[in-house]
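Have a look at the structure that comes next, please.
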Amino acid sequence: MLSEFGLTALFIVIVLGFSVSLVLIPVALRKPGIVPHNPSDIKSAPYECGLDTIGPTWVQFKIRYYFYALLLITLDVVIIFIYPWAVELHNLGASGFWPVVSFLAIVGTGYVYAWRKGALEWK
Amino acid sequence: MAELILFPASIRSELPFGFWLHLAIFAIGIIAILLTSVIIFIWFERRLVGRFQLRKGPNRAGPFGILQSVADVIKILTKEDIIPSRADKFLFWLAPVIAFSPVVVMLAVVPVAGGALLADLDIGILFIIAMSSITSLGIFTGGWASYNKYSLLSSMRVVSQLVSYEIPLILSLVGVVMLTGSLSLDEMVNAQNVPFILLQPTGFFIFFIASLAEISRSPFDLLEADSELVAGYNIEYSGMKFATFYLTEYCEAIVLSTLTATLFLGGWQGPWLPPLVWLLLKITLVFSIIVWIRATLPRLRIDQVMGFAWKFLLPLAVLNILLTGSFVAFWPEAPSWMIGIANLVLLIGYILFRSRFFKPGGVTVGAS
Amino acid sequence: MAHSTDSVFINLGPVHPSTHGVFRMRAHIDGEVITDIEPVFGYLHRGIEKLAEGKSYRQVIPLTDRLDYVASMNNNLAYCMAVEKLAGIEVPERAVYIRVIMAELQRIISHLLGIGSFFNDMGTFFTPFFYMFIQKEKITDLLEMVSGQRLLFNYMRFGGVSHDLPDPFLPALSQFLREMPAEIDKYERLLKENEIVLARSRNVGVLSREMAINSSISGPVLRASGVNWDIRKADPYSCYDRFDFDVPTGSNGDCYDRYRVRIEELRQSLRILEQAVSKLPKGKVINPVPLRFKPPVGEAYSHIEGNKGELGFYIVSDGSDKPYRMHVRAPSLLNLSALREMLIGWKLADAIIIFGSIDICLGEVDR
Amino acid sequence: MEVRIEPCYPEIDAHESRVIEDLKSSSTQPIAEPSGWLDEEINRNILVTTVDKLLNWGRKTSLWTETSFTACCTFEFISTSSSRFDIARFGMEVLRSSPRHSDLIVTAGTLTWKMAPQIKRVYDQMAEPKWVIAMGACGISGGIFADSYSVVPGYNRILPVDVYIPGCPPRPEALLAGIEKLRKKIEQSSISNKS
């Protein structure tokens, strides 16, 4: 099994190398003049419908977007428990079923609470 | 393709440099087949959308216009590479790499024939899920690093949308895992005497919808909503870096089709034809459905997308786990048709029940 | 949860795929929600009203074509009616009917475009748009038969129309009238009950009845807010009082109602066309006026129910062969007058479709 | 209802009007058509010719258009891309809204001085190689509005135009013919010429 992980790791390295080379191709082709390169101030300014951008872009953005990421982390923990359980369920039988149901019930209570409090609404 | 037939799966143990040979063949094979199929599928999508819109689609470059995507690649490869002066340059360079690599890596654990896959990880599904999350990180990085307000907005949508749909996506596969009793994709295909779409219609329903959102295809294409966000997260990217994002998008669509085919449609299994052909046929079928959806449906709004994931799909996924779990735990010898019918009843009942109370449009969002 | 969020200043337009031209909005957004918005006009200001003062009356007709370039026949009609009113020119009966046929065909084109681009803004990737364009091309062919142009027709003249209908026109029109109802049903099947369309457009961008009236909004947008006001009924011009048709109105005044009103108006236009074709009298099509004719000193205002609302021309004559002043009451511009109130508080995606549902034409807004 | 009469952002307005005035005073002469290289003798070797052929084939086959349409001609452009004329046959149905992705700017419609800085900026921000088609009479010379105080007499005051398509508006067939001309022009360019 370790060799499988080794293969995967090597494959990741190969793919990383491939995608880096993809991005670097234009730099290499710049020298013979195949890829044009005429930078200017306007060209490297941000595009915003043909106008100068006004005001800062990297601002303290609305937290609502990250909120779902926080929820994800909570539920990801659930998944860590669920997957091994799902694999072994047919061996565990009924005795393995109820603990996870109660676990899901606890998480579900939190979910219902969050829903009632309006945490799932986009405001 | 030919290599796979010439070198059977046991090559690693038989030949002296079998390990490296295996790696080389599969690595090159996966990348080559993926890139070729992206080129063909882009052309295929444009032709198919053309048919949906009662027109011809690209037909001038090469026979049936099949070289159209090749021309696009050549052009985009030799296009100027613009780096915005105010961008975070390191992340700007890094983002396409982060986005593109995991998509290809996912294919390492997908079998193309019996036992023929790069690495038969016993945590195959978890590996795929882990890798698919990294792509959204790359897209977020790209959108943020560009120093552009539209792409910033797009990358913020990535944070919420892509992350939200991961939960139903992962939970929908638990049923499949239970029925198989393994996380390895190879064993999952082997376990499918009956395609899992018949045993797990609910799981398929959630998986397909959630992965449409994961790869941000219509009707969940909020990341690149060109009517709102001009071009989305890749607005500042030009040349090959833009092409890498474009490639990522289509690779994701192909990988999604592959996963759907592998997990729910029986993978490479099928009579008469060689396994790889069957797999490609099933991939094409799923991809055509994605294109069909794209050509038909309008786009949802961000709060509707979120509400759909958290209020509709998530409870359904949990119910599916409980239903399938109780079958596996209490009645392991249940005939498979019964599991399938129970699952279908759950899906239809849930949709009918919830559609009376929950409508994406019913969520009032009046002016605040 | 206490948290501070910076609002972002963002330019929507002028080079933006869904501002229907070169419209620009300076928006403050807080996350997705628009907190403040300022429309900026004038990116297509070509000075048509000023140019008209330097041209003879007849030379102004091509200029009016380019106001609302989606519906140039309507502009021709309104302008010619104003000048005819000013100079007291009679129009032959056949020409009146031909004008109505042209105006209604033009209304169908404009509504098809409006609905199509509305769904494009919603993100349907051009499919309904192109379906509607197939029908639009059929009408364009009809109009090309009579005028020789595909977009800017320059067909109407003072005292009539420039040419009589060519022989193949009426059979082709009847053919079109037979096919079109089924096509409209097709659009309805595709879009009417679509859950996503409902979700995106129901209760979105509600324009109340009072607000619509106070903001001087007209046309389908006004009727979608529940006001039964159509100049073809309220102040009949040409020969609209001889036709039997209904004025569709909405109840909510949301984007969905605006789309529904436009679809219904397509059906009503077809009804008018059928009646006009059957009643079309014989005879001459123009009472010729001299090329450089000089209307008497005075002023005249004439309005029609244009495709986007009340389209009016106000002309002041000083007795010379050029208009002393011409003013256009452009429905597109006035329909935008409530834009700020309609957009604030909505999400960016909503703002785009609300803007799309008003269906403006920049050539008319900026003139 | 609150009625606001004074502008919300006077400084921005003032800045933008300065930009417009600057552009107006600096662009009094038409920019020459960038076709000087067509007549030049280029010493090409076999390698350059092969690379040229491949590149030019790719570039001419996949012309992605920037959606920067101003006025009337837009509708003829859309007609051209709709089902009847189907510009997609030439691989041109990809409309990109971002100038970073697009190769071609079709100037469909009248250009006013107020709009000119934006169009010029979009053109400047496009990634090279890039081309311009001036579509319609207004795009060529200002057309019927040439006398107006606010109209730019032709796009070639601010952009180097490659192909001119006459007509007000040009028919879709004329636009397709113009695109065909542009494709011929692209075929003759070479990487050994930097212009």
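In this document, chain identifiers A, B, C and D correspond to the written order of the chains, with residue numbering beginning at 1 in each.
Here, a contact is a pair of C-beta atoms (placed from the backbone, for glycine too) under 8 Å apart; a residue touches a chain by one contact, two chains touch by 3 or more.
In this text the structure is predicted, and so the values were computed from the model without any measurement.
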item	value
By number of C-beta contact pairs, the top two chains	A-B
Computed distance of Cα centres, chain C from chain A, in Å	46
Distance between the centres, which are taken as Cα means, of chain B and chain A, whole angstrom	14
Gap in Å, rounded to a whole number, between the CA centres of chain D and chain C	28
Cα-centroid distance, chain A relative to chain D, in whole angstrom	39
For chain C, residues that touch 2 or more chains besides their own	8, 10, 14-17, 31-32, 130-131, 134
Touching two or more other chains - residues of chain A	34, 36, 38, 43, 45, 47-51, 53-54, 57, 61-62, 64-65
Touching two or more other chains - residue numbers and ranges from chain B	53-55, 78-82, 149-150, 152, 156, 226, 230, 235-236, 239, 302-303, 365, 368
Pairwise touch network: line, ring, star, complete, or other	complete
Of chain D, residues touching chain B in the complex	54-55, 57-59, 61-62, 82-84, 86, 88-91, 93, 96-98, 100-101, 103, 125, 127-129
Chain C contact footprint on chain B (complex, rising order)	49, 52-55, 149-150, 152-153, 156, 218-219, 221-222, 225-230, 294-304, 359-362, 364-368
Footprint of chain B on chain C - complex, ascending	8, 10, 16-18, 29, 31-33, 119-127, 130-131, 134, 190, 194-200, 202-204, 344-350, 352
Partner chain A, residues of chain B touching it in the complex	12, 19, 22-23, 26-27, 30-31, 77-86, 93, 96-97, 100-101, 104-105, 108-109, 118-122, 125-127, 144, 146-150, 152, 156-157, 159-160, 163-164, 166-167, 170-171, 174, 177-178, 181-183, 230, 235-236, 239-241, 243-244, 247, 302-303, 306-307, 310-311, 314, 318, 321-322, 325-326, 328-330, 332, 363, 365, 368
Parts of chain D lying in touch with chain C, wherever the complex brings them together	1, 7-9, 12, 67-72, 74-76, 78-79, 82-84, 95, 97, 109-110, 112, 114-115, 118-119, 122, 144-145, 147-151, 168-169, 171
